[in-house]
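Two complexes are shown next, each including chain A; its partner changes from chain B in the first to chain C in the second.
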Partner chain A sequence: MAIKTIPPSRTSGRDRAERKLAFRMTAPSLVIMALVAAVPIGYAIWLSLNQYSVRTAGLSRFVGLDNYIAALTSNEWWAAFGQTFLFAGLSVSLELILGTAMALLLNLAFKGRSVLRTVVLLPYAIITVVSAITWQTMFQPNMGLVTNVLSTLGLPGGDVVWLGEHGYAMAVIVMADVWKTTPFAALIILAGLQVISAETYEAAELDGASKWQTFVNITLPLLRPAIVLAAIFRTMDALRVFDLPFVLTRGANGTESMSMLAYTQLRENRLVGEGSALSILTFLTVMVVSVIYVRFAGGNIRDVAKEEQ
Partner chain B sequence: MSTLTAERPTAELATRPKAPKRRLRGESKLHPLVWVFVIAVMGFSLIPFYWLVNTSLKKGASLSQGELFPSQPTLENYLVVFQNPEFLLALRNSVIIAVVTTTVALVFASFAAYALARLKMRRKAMILTLILSVTTFPAIAIAAPMFSIWREIGLYDTLLGLIIPKLTFALPLAIYTLTSFFKEIPRELEESAYMDGATPFVAFRKVILPLAVPGLATTAILVFISVWNEFLLAVTLTTSPEARPVPVAIAFFSGTSEFEQPLGTISAASVIITIPLVILVLLCQKRIVSGMTAGAVKG
Partner chain C sequence: MDLNRPASPLQSQNNAATPRNRKGLAAATAIAAAALILSACGGGAAPQGAEQAAAADPASGANASGAVNICGVKDASGIYKGTAEAFTKANGKVTAKYTEIGATTDEARTQIVQRLEGKSTECDLFVTDVIWTSEFASQGWLLDQTKLVEANKDRLIPSTVETTKYQDKYWGSPFFTNAGLIYYQKDKVAKPESWQQLYAEAAKAPGNGYVYQGKQYEGLTVNFLEMLYSAGGEVLNEQGDVKIDSKETRDVLNFMSDGLKSGSADRAVLTYNEDPARLAYESGDFGYQRNWPHVYRLLNATPLASSFAVAPLPAWEGGKASGVLGGWNLAISAHSTNQAGAVAFIDFATTPDWQKHVAMDYSQAPVNEAAYSDPAVLQKMPFATELLASVKGAKPRPISPVYPQISQAIYKNVYAVLSGTASMEEAVQKMAEEITTAKASF
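So, the complex of A and B:
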């Protein structure tokens, strides 16, 4: 890096000054994050080992791992766990496929590309709660756009109470998520696409590769880092899902996510110990998945970290 | 604002004229099937907006029959929303929370990002990994203990009680995005400042920070949108309209009755709070694109 161009005799003194400054400049952010992330999580672990209810104000009793045992042997936890992974699996794979297609489209030269890019980006501006409300109005029985159009055309689905049945409700939740966050995946993949050099394509063209061959053998492998990165971000987000099921179904019909279950125990049932145990379990689940991702799917993050050094 | 984007490479990620050959490779006219896809994508993106606006303009029978076009459009729902003191309070709360959080996050993050992007530092990779890992924390893991801590110390159901935890999530996002922006500023500028006898901090404040204004603005937009959008902390840590931000107010708007939802009013409220963000996206789409991709792809 450019620092190396400075004569070594002057470097060491400035090195020390730089390190000191770097420490001072980073410390405030790290302290804030430690205080507001690490301390609460530590406290959550303590709370999760106690039986404590807001109802029995102040009465706290150490119960060890009882809350965890109760959670891990309950149907509610495993149902929420399964639903969250089902949601994440469905929405992230749809977002990656659709996002890749959108990115390829946005990378083409055609009249109206900038209009397309702006339009595609619009759902990103909408807040998740509003997006949930929008999809809710579209799937209202009789008065929603989708139900209306389906029944007018005589297609199946027009008389379905979409949010009243597990499979359909899940489909609406996934659609709402795909609608709002595909632009994010598409933009990351587009950025990856634009790093691929024109020469690579020219070489493939000279070799007489078909468009499909070029896509499968050149574009996709070179896009892998960008796709993996999009997958990591989107999966972490999807596993934390809360707003969409909260607004669309309030967790009814088996659409409760891990975060929602913890919230319900904490706020609605006022069981702080159980709620904390569930939130720690959610936290651990997300952590395990991110470690697996970084370990097996993405050298990206480690490469990025290395580059920083 | 837009003039500031001019020479930044990432700002033009999606449009920069680099490699025109590839882009113009093949026909500049699209295959009809590709047009079908273009139209499908546009429809998928826009139709929900249409339906939201459509619903917000309807009342009574016209609402319950789900007319595709409102036969008697009315602005009544909008009047109801603007006369609702809880909605106005929520709007005020959201503005305060988002502005304060974004400002504070930007100040601290610009320091940290500069150090991480430019200065020699021990355990840089570890610190970056730590910061990145905070972004993967599920908010519920913070919300649950915060709920208890804030009740003990009296910050529960206050604006400050929301700003502090939101800052924890805003900081890593801002640091991550800003780090990549700082890296793009030519190093020679600092070097010449050093030659003139400036200390690293002075070089940062007098030379780098002014040049980083476009990156700071982009980061501010991204942080603002994410704080404005955040729901779980907001719903866990508030209970009264005095502290509730917009997303929570709207979510509880909708929960009154299972059979007679005030869909018209909810839709009107949703349209009202969506308009400013849509305008923001229309005005700053290049910056939003560069911000979203800079942090991710460039590291």
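So, the complex of A and C:
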């Protein structure tokens, strides 16, 4: 992980020449990277500093940070911000717990393991919008599969309008996300599991450690980098969530996410400046969270990597 | 929405023009210059606006030739392609073709906006949803069809023509229309004469309930406006002033939310758009359903076929029934390279003869009144009389270039009242505020 840097005092002429060569060779890809990544982001930032009204379509007025101030002082933004974090917190923690359990199961030696590994990944292969529609149908009042089964069995929840109330609607959105992406978390954690050498476990067994002790003291610490990696991926994804609430509730009952807010302003209302500011705010939120992750949890990745060496 | 604030950047630039702030001024000028360059890349100089738009010449259609490209949403019923083919055959000199540019209504709008903003000449005609007229016309994107509409006026139902109006001019010709209907189980419940009577009947027995489109989306705006219009309320008046903060709005909101509490309507309607409402109704557990005419054919294929009947939308007690118009118009692009061909196509599509095919072959509501009493149409569409009553009584949705924002202000706040997350008073005030802000953003 650590990048070795050569102190300038020790650079010889040959080093410099090599560096120049390296720069020349990487320059084309750097330019392409800049075009692909930096230009659209830069353009979005520029757009967010302007006001485009429907009347003046195509013409902009520079308004500085007005769009940001408007967003940050609006209830809509903070409501969406809170709901998105609630969603991310719930779904990512469930996905990590279930994903770890699933990975442990798939790591056991048993017949048909490879088949099961493929089957388990199926939900992840389904397009989110399609699975969202399936979940919507299942929780449809009166005729949905879930509501029907619950009411036939006389269980609570059969007469609930799941997508018509905040708590229940959020629960369905979280469930749909957990169902779909737990296999992804499991896959990453499984990769981490397979790196742990069998000798470590043999040693533990010789020392007379119980199954639980082995799990808590050996498996879990060694799995940490994989779990953190899964957490970073999933959190970044969850904070950008759009399709699940869009299909399931259209943002009703307090389930509007940050991305949905940006979409409404950009596409439905054609308010390019306001929408871009909201996109940039979403982008910044995701970035800040990732930096925090790497700063605090990423340290573990490095520590463990060092220990392993 | 609170997010749309009319900013005053020109003011702040003027303030910067003091000697001490020359650098600031220079920077602002540079940025403004850059803005102009960027916006020039993005689509050119100031938009023409509706005031300077060119007009379509009704006489030009007769001498038209060449090819006409019509663009719009995915052609599920085949009506657009069918009309293009029939036109090409009948006209002989002009060939028309239909290009699908979006799978859904929303996607089609985005695609059309992109083409219009980029002054694309790909499409001569656009099939436009009735709620897009003001926005497109205000941008100078469409050809003024006032003369054409006036030439064809005697064969068009007046309410359908109203959906193409913006600032006293017509910007499209209606192609087919749409209005809400009430489907009811004639052996269980009575034909609805007023909303009050419908709701009272619906609450009488568990199987009598009413289903409508109560999800937070455009459909809820339509359901709410149908009731508001029949109660005599309005969103914007003729002058465009916001009139939503009224006794009628309060009455309707109270009525709708009481209806959910008393069991006239199932709480599940809060999650229904058109299709789930239809499916719930097909289970046979409900007495009334509000939906569009296309449901007739689908309902006829279910066990309910023999027991249901169709009625126009009811009136508010003591008032006159008034629904909300849906439907699709034909708008000529301001950048069309074959405007005469487009006029010829419109002439054909709105003829009384072709309008009969619109009903018989594609089950859509014609814009020609005579079609509704044609025996061949009545055989295919036995509820044509009820449909005509709904269409003739219906009014357009609020006419404004920022209609999407106005609709959001309506459906979000109506939903908040129905789901019980906001008080009625709070919602009415927020609705009025948000509509005012939306209007100011134009």
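We take it that the second predicted complex is superposed on the first by the 258 of 309 C-alpha atoms of A that agree within 3 Å, B and C clash if a C-alpha of one lies under 4 Å from a C-alpha of the other, contacts with A are read in each partner's own complex, and residues count from 1 in each chain.
What we mean here is this: a contact is a pair of C-beta atoms (placed from the backbone, for glycine too) under 8 Å apart; a residue touches a chain by one contact, two chains touch by 3 or more.
This is a predicted model, so every value here is computed, not measured.
Trainee: Report for A:70: first if it touches chain B alone, second if chain C alone, otherwise both or neither.
Mentor: It touches chain C, and chain B stays clear.
Trainee: State whether A:119 touches chain B only (first), chain C only (second), both chains, or neither.
Mentor: Only chain B; A:119 stays clear of chain C.
Trainee: Chain A residues in contact: does chain B have more, or chain C?
Mentor: Of chain B and chain C, B contacts more residues of chain A.
Trainee: Where does A:271 make contact in the superposed view: on chain B (first), on chain C (second), on both, or on neither?
Mentor: second
Trainee: A:50 in the overlay: touching chain B, chain C, both, or neither? Say first, second, both or neither.
Mentor: In the superposition, A:50 touches chain C alone.
Trainee: First (chain B), second (chain C), both or neither: which does A:249 touch?
Mentor: second
Trainee: Return first, second, both or neither, reflecting whether A:143 touches chain B, chain C, both chains, or no partner chain.
Mentor: A:143 contacts both chain B and chain C.
Trainee: Tell me which partner A:62 touches in the superposition: chain B (first), chain C (second), both or neither.
Mentor: Only chain C; A:62 stays clear of chain B.
Trainee: Considering only touches as defined above, state whether A:135 meets chain B (first), chain C (second), both or neither.
Mentor: first
Trainee: On chain A, what residues does chain B touch that chain C touches as well?
Mentor: 54, 140, 142-143, 250, 267
Trainee: Sort out for me which residues of chain A touch chain B in the complex.
Mentor: Residues in contact with chain B: 1-3, 5-6, 14-15, 17-19, 21-23, 25-26, 28-30, 32-33, 36-37, 40-41, 43-44, 47, 54, 101-102, 105-110, 112, 114, 116-131, 133-138, 140, 142-145, 147-148, 179, 184, 187-188, 190-192, 194-195, 197-198, 201-202, 205, 226, 229-230, 233, 236, 239-240, 242-243, 246-247, 250, 258-259, 262-263, 266-267, 272, 275-276, 279-280, 282-283, 286-287, 290, 301, 303-309.
Trainee: Quick check on the complex: what are the chain A residues that touch chain C?
Mentor: 46, 50-51, 53-64, 66, 70-71, 73-77, 140-143, 161-166, 249-254, 264-265, 267-271, 274, 278
Trainee: Mind pulling up the chain C residues that touch chain A in the complex?
Mentor: That would be residues 1-5, 7, 9-10, 12-13, 28, 31-32, 35, 38-39, 42-44, 46-47, 106, 110, 113, 117, 135, 138-139, 215-217, 266-268, 270-271, 276, 279-280, 283, 285, 401-402, 404-405, 408, 415, 419, 421, 441-442 of chain C.
Trainee: Under the touch definition given earlier, write down the residues of chain B that touch chain A in their complex.
Mentor: 13-16, 18-19, 21-25, 28-30, 34, 37-38, 41-42, 44-49, 51-52, 54-55, 63-66, 68, 108-109, 111-112, 114-116, 119-122, 124-125, 127-149, 151, 164-165, 167-168, 171-172, 175, 187-188, 191, 194, 199-201, 225, 228-229, 231-232, 235-236, 246-248, 250-251, 254-255, 263, 266-267, 270, 273-274, 277-278, 280-282, 285, 288-289, 292-293, 296-297, 299
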